[in-house]
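Below are the structure tokens for one structure; questions will follow.
We just call them A, B, C, D and E in the order they show up, numbering each chain from 1.
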Amino acid sequence: MTPEEILEQLKQKFGDAITESEVKGVEVRLTVKPEQSWEVCRLVRDIGFEYLNCISGADWMTHLEVVYDLSSLQHPNKAHLRVPVDRDNPVVRTVTDIWRGANWHERECYDLFGVRFDGHPDLRRILLPEDWAGYPLRKDYTDERLVPYTDYGMEEKVAKAEGEKAAPKEARSLQPPTPTKPATA
Amino acid sequence: MEKPIPIGTTVVMERTGETMEEMYVNMGPQHPSTHGVLRLMLKLDGEYIIDCIPYIGYLHRCHEKIGENRNYTQIIPYTDRLDYLASMSMNFGYVLAVERLMGQKIPERAEYMRVILAELQRIASHLIWLGTFGLDLGNFTIFMYCFREREMVLDLFESVTGQRLNYSFYRIGGMPMDFPDTFLTDCQAFLAWFKPRLPEYDAIMTDNILFQKRVQGVGISPPQVAVEYGLSGPMLRACGIKWDLRRNEPYSIYDRFEFDIPVFDTCDVWARYMVRRREMEESVKIVEQALAQLPPGEVMAKMPKTIKPPAGQIYSRAESPRGEIGFYIVSDGSPKPYRYKVRSPAYVNLSALPEMLKGCLVADCVAVLGSVDIVLGEVDR
Amino acid sequence: MAADYAYVGFFLVVGVLFVILNIEILSRIIRPHNPNPQKLTTYECGEEPIGIGWIRFHVRYYLYALVYIVFAVETVFLFPWAIVFRELGLFAFLEMMVFIGILLVGLAYAWKKGALEWA
Amino acid sequence: MMIFATLVERFYAALAAWGIPWIVPTLVVMVIVVSVVLAYISVAAMFMIWWERKISAHIQVRYGPMRVGGWHGWAQSIADGIKLLLKEDLIPTGADKVVFVLAPMVVFGATVAAYVTIPWAPGLIVRDLNIGILYMVSISSLVVVGIIMAGWSSNNKYATLGALRSAAQAVSYEVPLVLSLLGPVMIAGTMSMGKLVEAQSGRWFGVLPGWFVFPQIVAFLTYFTCALAECNRLPFDIPEAESELVAGFHVEYSGMRFAMFFLAEYANMFVVSAIATTLFLGGWHGPWIPLPGLPREVAHGLFGLVWFQVKCYFLIFVMMWLRWTLARLRVDQLMGFAWKVLLPISFANLIVTGLVLILGKHALLYVGGIAILLLVAILLAARPAARTVRVGERT
Amino acid sequence: MTLKLGIFYFLAAFTVWASAVVVLGKNIVRSAVALIFGFCGMAALYVLLDAEFLAAVQVLIYVGGITILLLFAIMLTSRIGSTTARVVNDQVILSAIAAIGLLVGLIYASTSGIPAMSGPPRLPETAPFLGRALLTTYALPFEAVSVLLLAAMVGAIVLARKD
């Protein structure tokens, strides 16, 4: 089965749920609405993607995103599912009943991004202590102990050497506006 | 920070039909055989394990958050600290991901260097696993034997990189410098020494009936469970599934070498032991072939001073000694990754531990945990 | 005879005294003594112990002890037999074989019933 | 060495002549004897600890202690002892203090008491008790009680588990152990340790030394296996399995209290080796020549002393060798082995021995033959298992 | 003989003390530990009576077997950590009467010169004597013992494993 055929099959069944789709090499890339993510996941599993590589989170400031990377042990195709969820009320249905290995991945995503997985058997923090406040991998997470990295002028030097206009300290608006403090604070 | 579990809960045991109190025992974080700071809470019925709850995170350092605040080259040393027993493989996986994201080709010689170092690293990593596994089962001597050979690998690495544990030697676009002149002969000498050592390990471990009794039929994870949990590496191959990224999704130049993928289908600790034991032989084969084919030439591609991959995202995976090391990188075109995520093999493998432990004895717990081959630096990130 | 056992008693007492001498006298003089509540907690791999360490145990341990006592009593009878065995000859041997045989039946029963299994 | 007995008698007589009540010289002699034995235990245990470290090191291609004291770190054990003496003594708050304190005393006291009837050399035995071997067995059952006391009183789960394992293991291995000791007792017709050694003075068929190990090889191997279990040595060290139970029953013991357990463990190793030497390896027997300038008796005694030590330490060496070669068994396998393998074997040995003794002395030949057959059978039974396990490979 | 008598009184006192702890102790495991000392004291008393074999058997079976069995039983049946056993039960008066009766009987027997209580013939070694007696004079009771042991084992297994 080619990736295109897989995509076709998915689109037939869940045309409305799939907002974006793309085939890149052997990889099928989909963006799925959170309401139907579980159904899509189950179909994807039934198509042959029985191996869940990873569930990652990502914070796009406007929304959070849960990313499922799937592959198969039978054919070389891969699947890359992105499920955007609301930032203020991030809920998505758990896939632990599809892939049991999703358990810890979802706990990690909950721990670091605060995405709640509906129906998860044991949704607790996993890497951070239970009493930790906040979700560190969100871009607006602040912590007085967290010292944003500065390049100590390295990028400017490089830019000068290359004869470009020295870029000011990166206008990445996503950078938390935290004052620089000594690491020992 | 867990709430204490009330003691004295009376349950009816399915197996024996007897009513008795459950006992909770903490194993770890301060325990000689949890391979670091892992904590398992064991629910026991006498010496049988009813349930096991792993608590991880003691080594958590928010690797991914750090990664988002460093530029692509600067992340390399942090990847060393993921799996500190296989830093080369971690480096390899990471640079591979970035190169794939950039579409970067690297010089031929650098590819060979990468494979040689990664396979030597696999040998070293399996050696330390074998040694500590023996230690878990009460066999101290194998530990020393394995460390003797591992030291030699580390000597080789030191001659190449100047480091013995955290090498940070792979670069995006190639390798920072060539092998030293002595490396080829040293490496061949090591292989010549190492090959006859493997039967010695067999004599003390594989053929020892006490060892066999301890590992056979213990900690079973059926293939179905293994796939559902997404186990990888030797854990998956011990379930009779012939799956190795070096062969099934060839990266770098692995498709140029002749080697077997050892597979056992008993699904138990013994199978995992045998897979890793056999893999050392296969790695030796790969290194030998790579040394023979090693082409001359540059080791570093022409790279920009600041690495800025095009905007996009990639999930790239490679076969580390512990299984599938995946890097999920989202680039926004800036010198720093927008999102940087590590899918660590030991983390996933460990998540299946409670499944494997149910119904085992306390003594088996140590053997099963040893067979998972965890490195907490990678689990906790 | 009994005088021989004066030595046994004496050895026992001196063995205990030796321990007391080492722990309570010699070592007490030179060792530090700074206890604090943290040091004096029960070891449970660096975590707060869950509940007490005195746990209820499984019946299989009890079964081993039971079977042991039966066999221990038997061996006690075997010792006097072993000493006089050569002077008493065949009759004593057969007598003991009957004795052992009856007990081996018990062992076979225990084996079959799974009292020797660890499960 | 009868010379000691003579000396002691003269001492008694001299003091009696002075009109001193007999209790005084008796006590003096007792104190001297017990001091010598305690000194021997301490020195021998320290030597064994150092020796074990060296043996393990050389098995593991390293050197072991090399610094303390100069030559091959011979003073390492002394340094360790001093260190333990200087360690803080901690008794956990949750522990049952009385029992906690009593436990090492019971263990060490029982171990010391076992030295009463070890036959060191001809005539050199503290007291040749007429129930010698039975006494040895019963006094060592006290050690187990001490271990349970230690484990239980710690109020620690690992310690409790270790203690219970230890008790279950001890009771399981006690039966085949005692049964295997019966073989030599049957042949010699005595339980006294001294007489057991004397009974081995002859020769088998005029060639082999008259040690009971030859007709009783099965019993010897059974005994040695059980002895490993009784001493909690690998592969039977599950009561203190450090990779599972951290340290087992003595996990809460620190400093000198721990040192006493440690000392008793090594002293116990010597005791079980001494029993094996006495019953199976001919005790002090061995080639000897009269030394010039010494009475015959003294020379014989000196050689005997040396032979006894050599045999004992050889067995101890084997124990250490096994420890650094083998992996640990699991508790269920351990129990199964005791009840299902060792117990039937030792019963069979008992019956065969009795049969042969009834049929006549010449039949000892048959015993040897049957023993060898049994051994071969055991080895054959063990071998295929080692091979068949390789199936399942599917490359 | 005075020394022997002194030792006897010391050992008797020790045994009585240990037994008192067994009966009166509130902590059930400590009672078991005291029982060990009581058994050892008994063994020592046997030695004083020149019955070394019996003493060794006492230690081997009672200390090495019965107490371990008791400890297992204790750990099997109750919450040993916190609970304290009730020391006095309903039969206290009844048992007191029985004990006092036994004491009176023993005192009477030992002072009135009943032949059986005047002491056994002195034997150089008890074990061979025992062996001979068991295998010749008392052969039948001896064999009966094996049946008894068999019954004990079967009974124990049946009771412990309800299957």
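Before moving on, here are some points about what is shown:
In the analysis below, contacts are C-beta pairs under 8 Å (C-beta built on N, C-alpha and C of every residue); 3 or more make two chains touch, one makes a residue touch a chain.
Since this is a predicted model, take the numbers as computed values, not measurements.
In the assembly without subunit B, touching between the remaining chains defines the groups A | C, D, E. Path length between subunit A and subunit B in the chain contact graph, taken as the least number of steps between touching chains: 1.
Of all the chains, the one whose CA centre sits at the greatest distance from that of subunit D is A.
The busiest chain interface, judged by C-beta pairs in contact, is C-D.
Chain centres here are means of the Cα atoms, and by that rule the chain farthest away from subunit C is A.
Put simply, the C-alpha centre of subunit B and that of subunit D have 44 angstrom between them. Separation between the centroids of subunit A and subunit C, computed from CA atoms only, is 61 Å. With centres taken as mean Cα positions, subunit E sits 73 Å from subunit A. Between subunit C and subunit D, the centres computed from C-alpha atoms are 15 Å apart. Contacts with at least two other chains are made by residues 29, 52-53, 57, 60, 64-65, 68, 72, 75, 79, 81, 124-125, 127 of subunit E. Residue positions 1, 5, 8, 43-45, 49, 52-59, 61, 65, 67-68, 72, 79, 82-85, 96, 100, 119 of subunit C each touch two or more of the other chains. Shown for subunit A are the residues that touch two or more other chains, of which there are none. On the side of subunit B, the complex with subunit D involves touching residues 23, 25, 31-33, 47, 134-141, 143-145, 148, 204-205, 207-214, 216, 240, 260-266, 270-271, 274, 361-366.
Of all the residues in subunit E, the ones that touch subunit D in their complex are 3, 27, 29-30, 33, 36, 40, 52-53, 56-57, 59-60, 63-65, 67-68, 71-72, 75, 81, 124-125, 127. Residues 4, 29, 44, 47-48, 50, 52-53, 55, 57, 60-61, 64-66, 68-69, 72-73, 75-82, 124-125, 127-128, 130-132, 134-136, 139, 142-143, 145-147, 149-150, 152-154, 156-157, 160-161 of subunit E are the ones that touch subunit C when the two sit in their complex. Considering their complex, residues 1, 4-8, 10-16, 18-20, 22-23, 26-28, 30-35, 37, 39-45, 49, 52-55, 57, 61, 64-65, 67-68, 71-72, 75, 78-79, 82-87, 89-90, 93, 96-97, 100, 104, 107, 111, 116-119 of subunit C touch subunit D.
On subunit B, the positions that touch subunit A within their shared complex are 1-2, 56-57, 60, 62, 64-65, 68-71, 225, 227-231, 241, 243, 248-249, 305-306, 315, 317, 324, 326, 328, 330, 334-336, 338-339, 341, 343, 347-348, 350-352, 355, 380-381.
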